[in-house]
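Each chain gets a letter, A, B, C and D, in the order it is written, and its residues are counted from 1.
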Amino acid sequence: MRVKINCDMGEGFGKYRIADDASIMPLIDQANIACGFHASDPVIMRDTVAMAADHGVAIGAHPSLPDLQGFGRREMKIPASDLFAMICYQVGALAGMLIPYGVSLSHLKPHGALYGMACRDADVAQVIADVAKQFDLPVLGLPNTLQEKTYVEAGVSFVGEFFADLEYQPNGHLAIVKNPASINAKSAATRAINAIKTGTTPAIDGSLVPVNAQSICVHSDNPGGLDLIKELRVRLGAIERVSS
Amino acid sequence: MRVKINCDMGEGFGKYRIADDASIMPLIDQANIACGFHASDPVIMRDTVAMAADHGVAIGAHPSLPDLQGFGRREMKIPASDLFAMICYQVGALAGMLIPYGVSLSHLKPHGALYGMACRDADVAQVIADVAKQFDLPVLGLPNTLQEKTYVEAGVSFVGEFFADLEYQPNGHLAIVKNPASINAKSAATRAINAIKTGTTPAIDGSLVPVNAQSICVHSDNPGGLDLIKELRVRLGAIERVSS
Amino acid sequence: MRVKINCDMGEGFGKYRIADDASIMPLIDQANIACGFHASDPVIMRDTVAMAADHGVAIGAHPSLPDLQGFGRREMKIPASDLFAMICYQVGALAGMLIPYGVSLSHLKPHGALYGMACRDADVAQVIADVAKQFDLPVLGLPNTLQEKTYVEAGVSFVGEFFADLEYQPNGHLAIVKNPASINAKSAATRAINAIKTGTTPAIDGSLVPVNAQSICVHSDNPGGLDLIKELRVRLGAIERVSS
Amino acid sequence: MRVKINCDMGEGFGKYRIADDASIMPLIDQANIACGFHASDPVIMRDTVAMAADHGVAIGAHPSLPDLQGFGRREMKIPASDLFAMICYQVGALAGMLIPYGVSLSHLKPHGALYGMACRDADVAQVIADVAKQFDLPVLGLPNTLQEKTYVEAGVSFVGEFFADLEYQPNGHLAIVKNPASINAKSAATRAINAIKTGTTPAIDGSLVPVNAQSICVHSDNPGGLDLIKELRVRLGAIERVSS
């Protein structure tokens, strides 16, 4: 199986942009497209879908908690059944925008605080699993967390991802830093590819964390993100495009 | 062909409600469900879809201009391609929320200012037609306006509706009144059924307006709306339920 | 000192309304007016301010967490300095809308989850105190909680309130019920006036809770709220109007 | 009277930013701060106010139509009395955020579509004038349009501004271009200073348009905006700071 590169895309809003999506899209395998709850709006979603379809990039839904001002990074207490409705809404909305381009959703990947909560809270992970089953989609998530465990137990296809631009805690969870330092593209690419080859990566305390990943995630708004994607693309070889 | 009753449903938001949807749902044939742009949110949409599915009521998408504060009743200038994206987003979102209930969308009906603009502006009507073709849905609209003309020319199935609780201008367009008087259920029902049987209805100046309608729309938030629906239900006979 | 009646007012949004403000306004002493974050919008705020000014009712700012969909009742984790900015924004906005009516703000009362958090979390109460000092306003709050303690220690004038339509826990905090039963106006009024006269009220377990209150709060959207306000008005005597 | 430089500031939202406010603030005389309707949020407003206060820059309110997704650049039909309420809300909100910094509002400048509408529509200009009178503030606006005429007739102090980075129509109105070319700082500065010195500027057809301006506006998000501000600062001499 080919190792893939995934990237969160279309995360602007109205007049705002935070990443150079036009430069990134031709270089990635999987675009996780924001659905309007933490970022994006129908116009940006349309443009991002068009760009992905044009380059044969697989399109995933990237739903979030409803928090545009906080970019979906603030935890909120929402009953599971309401959260299920919110995520169905977002995935459906993106699916609706794919129809004119003749392409289908390829996967689901929760965003920000929702992603983090799904790693630690089985009820939240179960909601993601429930949505994935309704839409019959695999989920990109963090290996060795309640995401993997819950999805697999629910019979949902799990695709582990490795975060090329983030540090890991000894328990395998991410160590989020507020103002990430610029990334050295070559060393970050080496670290990511080693993680996938060996199935382990060094945590912040030097201990080895198991990594069961088939896709490498790069954050496009990190300083140096584009260079890292270019480096990974070269090392991983040409893209395997989806047929539209 | 059976004459149907359609009603805009799920038009609350958060804690707010404007109509007694639970009493209305068992009495109507077609529920036009708000999609979050003029009213509703994922939680209300879920509850409204569940109720419609439960009663075998056909579910239509009721998209709007993006204007929650103005209830979608303020005209906005939006480029056609952006409007197309906004409506695809809404229809897709509602379609996504139907999946868990095993039902499919049955039709499309634009809301408020969008509905009025589609009567008078061929470009707006064309956007509605384009969305309807993508989702392969018929459109409920106002006969003898640019809605009917544009949809039919675009090859979209058009279902004319008669507004049982609104007055008509001599040109066949609606005469919207800000604070509608309470409706007399019996006379309004008689007027609606006559309009559909004879194919004409008296306008506000007494002249006869042609009406090519297969469905009767009642606004649930009008005073007396529920009584009118009950009266129409009795006169039109039992509901023909969709099979789920 | 006269016992006052306070009520949360202007809590509609756009086309939505949840209470009969026009009937309530002439009967109360203090109107806590929503500022657009959990409910209301500039048009409703203007109308509510005009009504309060017309009846000589004291106007308080009723700021909230930013959560229109959740009516400000969902807890959110927000850094204290950001919360301070959000509340200054809301209080300033309402103050700006008073200028055309020649009246000034009389007090501050946090809403919903923000109110509850300020009872239990000294950091949140301190933010409220900081805003109150900037605007030089007393704060309406719950006696015997971190609200009273924090405000008083910060040198902010504290006005205790008794909730005529809510139950109390033995520790003096409120026992919020999701779907409150309809209130018996006479017995609820008696309970409220006794609480203020005796300085204690029975909690849900029968134990006596100390109550240091100068104002009685009634929720206008509770079933029976208007009747309770009428009963209290009769028992407490005529209103002491603010001079505008 | 000294010629001043004004700039729209704090026009990010949540995580988004569109200009380098930290570099611009020390160089300008007047900061028109967004109030949350077309851009900004309480956190960004606080940070922008703090920066302006720190540099002794005069703070103006920069209110807009309610249109975050369209950056306040889409015209909306809103009744005058509602528009008045919306602008009072925004100006009051910003005023509330100034209190902790011990500074006061110095002026008012409408944003985007609201600014353009006030140039052409006397009713809209009158609403701006009405708000300015309530808050006792001068208004920055476009000379030789209904803005100047209406404000002056209403007894509101009018401060004309010249747009250093925009073209003029022969009638004195602005010629808005969607994707503005990068500006040559030296020639744009020369053109602006000539306009103010001579009281005229060449329109796009070469004809001379009268300009009665005391302040030069530069858009910080235009390519080359910062360089133009630097050039103007050098030519106009040191800043005259407001005393806080």
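Quick notes on this one:
Just so we're on the same page, contacts are C-beta pairs under 8 Å (C-beta built on N, C-alpha and C of every residue); 3 or more make two chains touch, one makes a residue touch a chain.
Bear in mind the structure is a predicted one, so any value in this text is a computation, not a measurement.
Steps from chain B to chain D, taking the shortest chain of touch contacts, total 1. In summary, the chains found to touch both chain A and chain B are C, D. Farthest chain from chain C, judged by C-alpha centroids: A. Centre-to-centre separation of chain C and chain D, using mean CA positions: 38 Å. Averaging Cα coordinates per chain places chain B and chain C 40 Å apart. With each centre defined as the average position of its C-alpha atoms, the distance from chain A to chain C rounds to 43 Å. Among the residues of chain C, those touching two or more other chains are numbered 69. Those residues of chain A that touch chain C in the complex are listed here as 66, 69, 74-78.
Of all residues in chain B, only 12-16, 18, 41, 68-71 touch chain C in the complex they form.
Chain A contributes residues 36, 42-43, 45-46, 81-82, 84-86, 88-97, 99-100, 134-135 to its touches with chain B in the complex.
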